[in-house]
Amino acid sequence: MTDQIMKPSSLSKPLCGIVPPMVTPLRDRDTLDGPSLERLIEHILAGGVSGLFILGTTGEGPSLSYRLRKEFIEHTCRQVRGRVPVLVGITDTAFVESVNVARWSADAGAEAVVLAPPYYLPEGQPELQEYLDHLVPELPLPLFLYNMPALTKVSFELETIRRAMDNPRIIGLKDSSGNMTYFHRAAGLLKHRPDWSLLMGPEELLADAVFAGGHGGVNGGANVFPRLYVDLFLAAKAGNTARVRELHARVMRISDNLYRIGRHPSAIIKGIKCALSLLGVCDDFMAEPFHRFREPERAKVRELLKELNLQAS
Amino acid sequence: MTDQIMKPSSLSKPLCGIVPPMVTPLRDRDTLDGPSLERLIEHILAGGVSGLFILGTTGEGPSLSYRLRKEFIEHTCRQVRGRVPVLVGITDTAFVESVNVARWSADAGAEAVVLAPPYYLPEGQPELQEYLDHLVPELPLPLFLYNMPALTKVSFELETIRRAMDNPRIIGLKDSSGNMTYFHRAAGLLKHRPDWSLLMGPEELLADAVFAGGHGGVNGGANVFPRLYVDLFLAAKAGNTARVRELHARVMRISDNLYRIGRHPSAIIKGIKCALSLLGVCDDFMAEPFHRFREPERAKVRELLKELNLQAS
Amino acid sequence: MTDQIMKPSSLSKPLCGIVPPMVTPLRDRDTLDGPSLERLIEHILAGGVSGLFILGTTGEGPSLSYRLRKEFIEHTCRQVRGRVPVLVGITDTAFVESVNVARWSADAGAEAVVLAPPYYLPEGQPELQEYLDHLVPELPLPLFLYNMPALTKVSFELETIRRAMDNPRIIGLKDSSGNMTYFHRAAGLLKHRPDWSLLMGPEELLADAVFAGGHGGVNGGANVFPRLYVDLFLAAKAGNTARVRELHARVMRISDNLYRIGRHPSAIIKGIKCALSLLGVCDDFMAEPFHRFREPERAKVRELLKELNLQAS
Amino acid sequence: MTDQIMKPSSLSKPLCGIVPPMVTPLRDRDTLDGPSLERLIEHILAGGVSGLFILGTTGEGPSLSYRLRKEFIEHTCRQVRGRVPVLVGITDTAFVESVNVARWSADAGAEAVVLAPPYYLPEGQPELQEYLDHLVPELPLPLFLYNMPALTKVSFELETIRRAMDNPRIIGLKDSSGNMTYFHRAAGLLKHRPDWSLLMGPEELLADAVFAGGHGGVNGGANVFPRLYVDLFLAAKAGNTARVRELHARVMRISDNLYRIGRHPSAIIKGIKCALSLLGVCDDFMAEPFHRFREPERAKVRELLKELNLQAS
């Protein structure tokens, strides 16, 4: 069971388990921090995760130059060496650039790509459907949809999901709306595609997602504490309510503290990178227009890590 | 006077008049339509405009590949031959890509670049200010700010504008918020920078903007009817209220009809491209994820153009 | 167990189970339909519910005249005869009117009152806290908070909830935000008040709410199918995952169909009243500015009821 | 001219000029401050205004008990003695209560009533139209529509305005959306009803509104400085651009300072009441859930008043 969760040999069945949205270790605005990246990958894989999602929101994908994105995809895939599937974010306002990133991903050995709606001028659902119809044939890899309306302004509405299920090259949905009713409705569509993966973004809802029939989570905190999220997933999957309650409480403690130190929406990423920096995994440099926590916030993260470790032991 | 409005030799004084946000004539998803572009530029310049703004919202900038953007900048500047200043949109979620587009613009002979806030993960105002502090020194051209909160989620708040005025490389603001109170407040800041340009996006507010102390408009309809918007600007500038009323009524007729044929926010661009296509200036191909009007909508645009011409004669 | 759920003798411990937000049977705009009200109450109580919440959103409380609200409170309490606690919505933009409705409620024998934030001009959280400090001493009954930001524009933020817990006269929270992360955070505060009740509004999230540590639901569908929601609650409480899955699927079928027949936010209430009318419980007259479904929508509800009954037997 | 602006003998032609949305002087939560009310009315009428609008947003109408609203209407009408028309806000979520307030208004001698859409559960435009169809015949006074989407969530869309113009008992629109394009569109409809009044809410847009064909303003600042707003209106009406610029700058100074001292949307009302209190006109008590400025804010208002007076002399 654990084996199957950690290393799905392909995506012909749902991707089950935790697929961390990996942060991007940077040395400066346009320089990858290679050694940190390698440490980070090993840190995460050691936690028993089922895949890696790179260049998503937590990965600061849209903030990175295309050159850097290409280098990052290649370096990641090289380091992972097929131990878990690598999923690559190709969300873009420009159709052609999405295709380019998908090609680099295929060349580097990634297993799938992940796409949120084009996010500048909002499109209607019929336009979004036609866009998928045009884009998917250009992609050398299967596609996960990524619902993230707070950032893209446009949702993948359920009718659009239902229609996308008719396309065998579209193989799953990551829902980061935080709207649990939407997630239940999406789960209700799974009967049409037994191979489709339904993954939850916000980690506060990971257990709910599994109870609802979802397959796992793409949870930012799994950059720092991969084993915790894998354990929570396994407990929920096994219906072990008492264990779920205990692990979920730890996840909520992280969420209530680590992600709410800064005031802006980027605080989650800053908190994760700061914690990784304190753990010696990678630096907390943030791509423009964001900036790492300063010392007062860093001190709070240090304190929190201390508390969490004590309670984890 | 007219002369000065049409051909400011530099931007050491405010850019006065109409600076159309030019549409991008396309043959297909990633191919520029060169002959159409040349016709379109001549069509617009013949109307007496004071500049051209390319790769903005109306120009579908974010939907175009970087390769195409570069070709488009070069082709435009070559065709314009310095007759009016060319302003190029460099808005991007990736700092490095904004700098790249700015460099191509400088190399091609553009006069300034135009930037809305990075529009994926929303940043706070202090982050936005620091971002400007870091970006401006990397830009080979002076910068216009572009306030477009409906699409970027983040405004250039007035405190940020005030602070940006301390940087002599930032030379103006295009406000497309549609919030006339904001525009009045921005106009109240002009005393700090007599060389700063304050331009209005929505054409329905062009006359109000001039009365409020603004310098002109970046109005989509000026792609189709450049002379009308220039005339309205001149009438407002001259305080000719009766003439303003008459021309403003024509602008409202365009806005009430041409821009409201489709239901989605992209309807304005579709309407403009459709009208240009009917006038034989350029095709109405739209970059993904958008699509040209179909025949029923096209018929309405045809009808509208007929009415407007009759009333114009 | 069932006994305790159905008839809590007081609110010194959490109110557990289903507390339907009862619709208001009307003969016309300002006339209560007494016989229907009595039938409706008996229909609901027969389902094993734990309380009744009247004059909430589903009860069209804000649309009713104060005279009618008073009559409705009295008639309801008379009919219920203490079999379950009656909770009365007192949400109002005017402090004094909230107090008046609370007094009528106490006089009629209701057990508690329920309050969402004043919903015209939005107040800040400190103002909301001070408002509670001033209001609660004027209320003759204990108070439930009602979080409904989609309609009131203002949330009871978690800091405000935490602070409200210091007031023993505030005894619970009904959360209709649909934000499951908020609900988890609210559940995390229950350790400070073991007697506090945490109830879920949207029925799609009832099972999640119970897993999260909530005490039950205030679910509109329980007007029509009270037993279904009570059974789902009991199954979730007992950790009977298979049974939860089956009953939750039925709830989703109601939600996906009955509540989405109309296009407007009032469609849920219209659907519930229409179903009750088809079941012969009460007429579907809606208070201004809303109107009952017309025949095409009614036909769909009829069809749905037929399907649900077949599958229920 | 001035005469006609100040005392329209009826509303068979548009109401031109300034109609201040009067604040409600209170002694405590539910007690009118009669002497202050009388002083306030005389203070405002001395400024040459064309009417008084009571129980609107600035008047904290929705926060007041119905008993107090009735007393306030009667006291106001008695004090005004027909010198200007009194308009009374009847916006309510309950149809019957709106009718009641309208009847008290007619009995007291008010000239018209003012209605924003019911603001709890949002209605669609067809529902809003039907609501007007049902409500207007019940009203003993003619009706102004009040567009205030930031607070009511629902706009009077232009199609609804156009349709309302077919009802001769609906006689005008106060637009507080701050959306100048909407206002231009509304002005474009005036040709259908030469007797209809179109009034601007936000004072920052008063001059724009008059240029656009509007008839005047319902501007909060006119509680404190009635003459200033009347003068600005007259200058705009006369097309005296230089004078408009000067007076508009003073209005902007008030807006930029007085209304932005507090952080919440209620800051405008708090600022106005604080200024009136410093001028000795009335106390600054605010109805729940709001509270007067404390000493630091009050000191800023005091300072501002000093500056404004110096510059006014």
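Labels A, B, C and D are assigned to the chains in the order they are written; within every chain, residues are numbered from 1.
As a convention for this text, a contact is a pair of C-beta atoms (placed from the backbone, for glycine too) under 8 Å apart; a residue touches a chain by one contact, two chains touch by 3 or more.
What you are looking at is a predicted structure, and each value in this text was computed from that prediction instead of being measured.
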| item | value |
| --- | --- |
| A-B compared against B-D, more contacting pairs | A-B |
| Centroid-based (C-alpha) most distant chain relative to chain B | C |
| Rounded Å distance, chain A centre to chain D centre (Cα mean) | 51 |
| Rounded Å distance between chain B and chain D, as computed from the means of their C-alpha atoms | 36 |
| Shared-contact residues (touching 2 or more other chains) in chain A | none |
| Arrangement of touching chains [line / ring / star / complete / other] | ring |
| Touching pairs among all chains present in the structure | A-B, A-C, B-D, C-D |
| Chain C - residues contacting chain D, complex | 29-30, 57, 60, 62-68, 93-97, 100, 117-124, 127-128, 130-131, 134-135, 151, 153, 263-266, 269, 287-291 |
| Residues of chain A touching chain C in the complex | 178-181, 184-185, 188, 202, 204-205, 207-208, 211-212, 239, 241, 244-245, 248-249, 252, 255-256 |
